[in-house]
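Pasting the structures in now, so scroll down.
You will see two complexes here that share subunit A, one where it goes with subunit B and one where it goes with subunit C.
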Partner chain A sequence: MSDARVTVAKTYKLYLGGAFPRSESGRTYPVTDAKGRFLANAAHASRKDLRDAVVAARKAFGGWSGATAYNRGQVLYRVAEMLEGRREQFASEVAASEGLPAKKAQSLVDAAVDRWVWYAGWTDKVATVLGAANPVAGPYFSFTVPEPTGVVGVLAPQRSSLLGLVSVLAPVLATGCTAVVVSSAERPLPAITLSEVLATSDVPAGVVNVLTGKASELGPWLASHADVNAIDPTGAGPVGRVELAREAAGTVKRVLAVPEEEPDWTAQPDIARLRQYLEPKTVWHPMGV
Partner chain B sequence: MATATLPVALADATRDDASLRRFLHGLPGVDQVGVEQRAAGLGTRSIKKAAKLWAIDTAISMVDLTTLEGADTHGKVRALCAKARRPDPDRPDTPPVAAVCVYPDLAATAVEALAGTGIAVASVATAFPSGRSSREVKLADVRLAVTSGAAEVDMVIDRGAFLEGRYGQVFEEIQAVKAACGDAHLKVILETGELATYDNVRRASWLALLAGGDFIKTSTGKVSPAATLPVTHVMLQAVRDWYTATGELRGVKPAGGIRTTKDAIRYLVAVHEVAGEQWLTPTLFRFGASSLLNDLLLQRRTQLDGHYSGPDYLAVD
Partner chain C sequence: MSTWEYAPAPESRDIANLRPSYRPFIGGEFVDGSGEPLKTINPATEEVLAEVGTASVSDVDTAVKAARRAYERTWRTMPGAERAKYLFRIARLIQERSRELAVLETLDNGKPIKESRDADVPTAAAHFFYHAGWADKLGYAGYGPDPKPLGVAGQVIPWNFPLLMLAWKIAPALATGNTVVLKPAETTPLSALVFAEICQQAGLPPGVVNIVPGAGDIGAALVDHPGVDKVAFTGSTEVGKQIQRAVAGTPKKLTLELGGKAANVVFDDAPLDQAVEGIVNGIFYNQGHVCCAGSRLLAQESVVDELLEKLRHRVSTLRLGDPLDKNTDIGAVNSAEQLARIRDLAETGDAEGAQRWTSPCPVPERGFFFPPTVFSGVEQSMRIAREEIFGPVLSVLTFRTPDEAVAKANNTPYGLSAGIWTEKGSRILWAASKLRAGVVWANTFNRFDPAAPFGGYQESGFGREGGRTGLEAYLDV
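For the complex of A and B:
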């Protein structure tokens, strides 16, 4: 009986403002595994989906950035728990997408969960590390506190479909920024499953928006969008990155400096990505008598 | 409006209460499914590039920039007037809006701030938004608006009386307000969200047109649902039929709930298709809105700049 069963071919959708809509354009594209075998259909996001995603991310920014660091840490840790619960699904998707043996894929998924936990732990520590009580020549207390930059556009790595994605997304969320993510074009399935995880965890709607589609098509619109405050061009490739930097200059965005080639994501990160998405605010306060 | 120039059938309708009722109940019923489907169908029409830019500019010039909050201050009204004059200061070619709409006690402030600009001041009146007060109070409200210099008065009809079938009373009240308006244009708010059926919307539209309203307006913005496309279709049909019957051009103003450029363009398509091209002017079609203007300006910038803009670049109101 089980031999005769016809498998359910999936057509996935976008993750936008906490919901899973189809692309406004109605486009989809087939996703294959590393050997070219059909896996599923994914939505092919258009620039209007991107525009809607930025609106959703902006709407969510006030609440997410205003949440206490402790609360954000709890929410992100909950996401790590949910990731852990879907370990097997992620492992099989990573194995199929990246053409890896099951054992290697499993270790990448574990690393991704650990990475998420690591960033979740940073939410209430980053202000202590990057903030300061400044010694000043006058009767003032002078404090510097880091504040989240705003809406961040993330072009996720094209090759590392889960660990790479988590490594670029988690620091955005840990600082209190909201994200518009363009997933890997050829390997979007782990990103789609991650959206399902985010939708069923405590992350408020719109904090993360995941678009599946081409970085070359969506990147320039993301970089030139005046309501996006920072951009991570990792998934754009060496040529696309230059164009993005040029587009972003018109609205003076933060453009993350990333290496030419995708780095080894298994290496333990430092807090450079957290620092990128924080703006220092310095307050001078007169000393009391 | 000079009822003397009305065709016999219409003049006859306003003779007394019974004939008014006979006329309004004799109007053809609205095909609910048909009008909703037609509105939804026209809403899918795609307007792009130069046509979109034209539609955005036209919509901006049709906006009645509105603030009707208990917390309104003179300062807020002045700020709104500044925005009405120059909606997008970075782009001086942006057209000004049609009017600023405020409560009557703030009308004088708006008149002063808009002197010499050609932008009209509209004031709500007649115990807005509920309309629940005596005739004297309502007329005093209108007089306050008119003496403050408002060029347009937005009155609310007595929905209670209308729903009870006391059409004559509603008719007389609109006439009395029209008389109190003097030279000011009268917009009659039907508050379609409280009228329950499209048939009632059609009757109320004709009642307001018979009584001399220069504009018929969907809603106060305080009741949900406010303006909807099908309701606006019914009202546009009424002004079109009025024009056919009398040769007089009357206007329509949807208000409340129109927040995006996409919505506004759908309404313009409806105006063009249902009433006709000659209604595509601020003298005959208005949007009662506050947040719509910013979205129109953002879309205008997107069209001209080639990239998306953000609310950080516009005045918050």
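For the complex of A and C:
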């Protein structure tokens, strides 16, 4: 390739209901790399975009939660295949966003792909691990199955632009919930590239919606929205989280307990995140002739 | 044909060992609370039962410190097998004193003796028995090899099942190694204070369980106390939201078991006589003071007339009156305040155009009673279809297709329970998976067991009580 060639730059947009629209507000903000060099103009999502995203996520919930666990597992595994195919692209975006050497960025991308595969494998096992046949004292068959909570609002980690994002998003999808994600504000580009992966991986439209913008602006609306069932406040920071938790109380939303500071995302997770997005449902039926 | 009349069959109130006064239980001793004493009344007669000393905000602080001391010095380091033995002892003591507790509960709450005797008290004992066995087996519960307790649990419970809700709260908390400060409801503090005596008889180390009677302000002081690591609340959605807001931004772990507006869905192939029994049990059990009561009957259009005729006939035979009478089906509403609320909401049913039917049963002149009431022709927009009445008032709506039934059943911000009546197995499993509720009863209703997790979706709260799942609420996981 000659040095004279001008590269084709990408316009980064929102991912909403399976499409890639600009913000309805028309707002954008410049995204730079760790050294302050211009990378792209990201869409600056508005409250209206957020509400549209919740509508899309709610619309997709019936189909995604109603799909068989095996099917969801295959779809999510397909996402990992597509992530692997874009390994180089993610590595360069993560390196630029997070200011990391190429090798370190590459290892984070690899960890993200592996994390996705780990969660994909949970779809058809979590009910076995968390469900139960209840030995009740009477002539009844009683069983408990975990069901997806519904629409989950995710304020993605601000620092870890891909591995952190995957670590908070994959468990939402593995349980059968749908997601409205507010990406890292300063490092949003891997989130949009991940959206492109999702859009081409058999994940139904609306199951994941990704908004680029400010967690401080969008978070409170997400937390108070009556059609959002749970919220992961990771990206809101310690101060923002308190306000979110208060807003969430108005609709008895599930608020994920998260550590003060962003954790080391390379550590192997347990199933706590899966548990948080599941509602145990207990069913009873009499036994008799 | 001759009719056999019922003769009165009252349980003796002497068995309750009612005392003129009761006091808060803090640090293993009954103490003089510095709050304003309250008088608890028998809602069936409006007579004063006893004076109850209440806790002040500073007593709450003393209780939390006592619980902290017991946690640090005794309870959390005690081997699970030893903790278990205290819980087994408590279970046995509840069984031994079951008749006393049942009569006391009926006097203080107004519920029929046959319910307190056959459900509330035995199930409370069962909860301690069940959780006792978990205390030394927590490593098998699926929360890692050695899950840790949280610390001091602040627990606030309602008046509808005073002793049973206490058991749902205290048994899992102690089994997992936490200590407890519990506030019983203002109108039903007595059985909790007898339970405190049971803790003494069991030799439970001082401070492991503390009981602080009082009103809402004492509940708030307990929830807000910085020394509390865990908050568990059962009660209204309105107060639940206040508590969630109060706890926001603190490290306290929270579980909420709140209101409901359960749909009881009757399909056209249901065994109607059985369904009628289930509907009656669903809404008139405990005067309808049940968060998971089947307060919305959704009947398929083709059977609604037949179903309503059978239902009215059956409800007419329910006996309302003296809660201590063993023949009584429906006792007293717990308080004048609650009775007024039920009346107000029922009146909105009239005003919004639903048709009211009231059981012709005689209603005692004294005491707080509300006769069984069925509203038909109810629309989804009416307040009696949307708001929790918490009384013996059933709202009847209709549907044509299974999809419509599910859509109407789920058309509520609540999600605690639901009922399904049909002979078709595949339809049961289909509907059970579509209904957004934490407990689904198919061809039965209002079944509870310590081994079966209970709790809500959406605005009915979060967290579960009972089963392996219920342990999570009291573990640092």
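We adopt the following convention: the second predicted complex is superposed on the first by the 280 of 289 C-alpha atoms of A that agree within 3 Å, B and C clash if a C-alpha of one lies under 4 Å from a C-alpha of the other, contacts with A are read in each partner's own complex, and residues count from 1 in each chain.
Here is the rule we use: contacts are C-beta pairs under 8 Å (C-beta built on N, C-alpha and C of every residue); 3 or more make two chains touch, one makes a residue touch a chain.
What you are looking at is a predicted structure, and each value in this text was computed from that prediction instead of being measured.
> Subunit A superposed: clash or fit between subunit B and subunit C?
fit
> Thinking of the overlay built on chain A, is A:N134 touched by subunit B (first), by subunit C (second), by both, or by neither?
Second partner only, subunit C.
> For the superposed arrangement, I'd like the angle with vertex at the C-alpha centre of subunit A and ends at subunit B and subunit C, nearest 10 degrees.
80
> Quick one: is A:V54 in contact with subunit B, with subunit C, with both, or with neither? Answer first, second, both or neither.
After superposing on A, A:V54 lies in contact with subunit B but is clear of subunit C.
> A:D202 contacts which: subunit B (first), subunit C (second), both, neither?
After superposing on A, A:D202 lies clear of both subunit B and subunit C.
> Pick one for A:P280: touches subunit B only (first), subunit C only (second), both, or neither.
In the superposed model, A:P280 contacts subunit C only, not subunit B.
> Look at A:E81 in the shared chain and tell me whether it touches subunit B only, subunit C only, both, or neither; answer first, second, both or neither.
In the superposed model, A:E81 contacts neither subunit B nor subunit C.
> Under the stated touch criterion, name the partner, subunit B or subunit C, that contacts more residues in subunit A.
Comparing touch counts on subunit A for subunit B and subunit C gives C.
> Which holds for A:G250: it touches subunit B only (first), subunit C only (second), both, or neither?
both
> If you've got the overlay open, could you tell me the nearest Cα approach between subunit B and subunit C in whole angstrom?
5
> Following superposition on chain A, which residues of subunit A contact subunit B and also contact subunit C?
226, 250
> Provide the residue numbers of subunit A that touch subunit B in the complex, in ascending order.
So the residues of subunit A in touch with subunit B come to 51, 54, 58, 221, 224-228, 247, 250.
> Taking the touch rule as given, give the residues of subunit B at its contact with subunit A in the complex, in rising order.
Residues in contact with subunit A: 306-313.
> What residues on subunit C touch subunit A, complex-wise?
126, 142, 144, 237, 240-242, 244-245, 247-249, 253, 256, 258, 413, 428, 432-433, 437-444, 447, 449, 451-455, 457-462, 464, 467-469, 472, 477
> Quick check: in the complex, which residue numbers of subunit A touch subunit C?
Result: residues 129-130, 132, 134-138, 140, 142, 144, 147, 149-150, 226, 229, 241-242, 245-246, 248-252, 254-255, 257, 270, 272, 275, 279-286 of subunit A touch subunit C.
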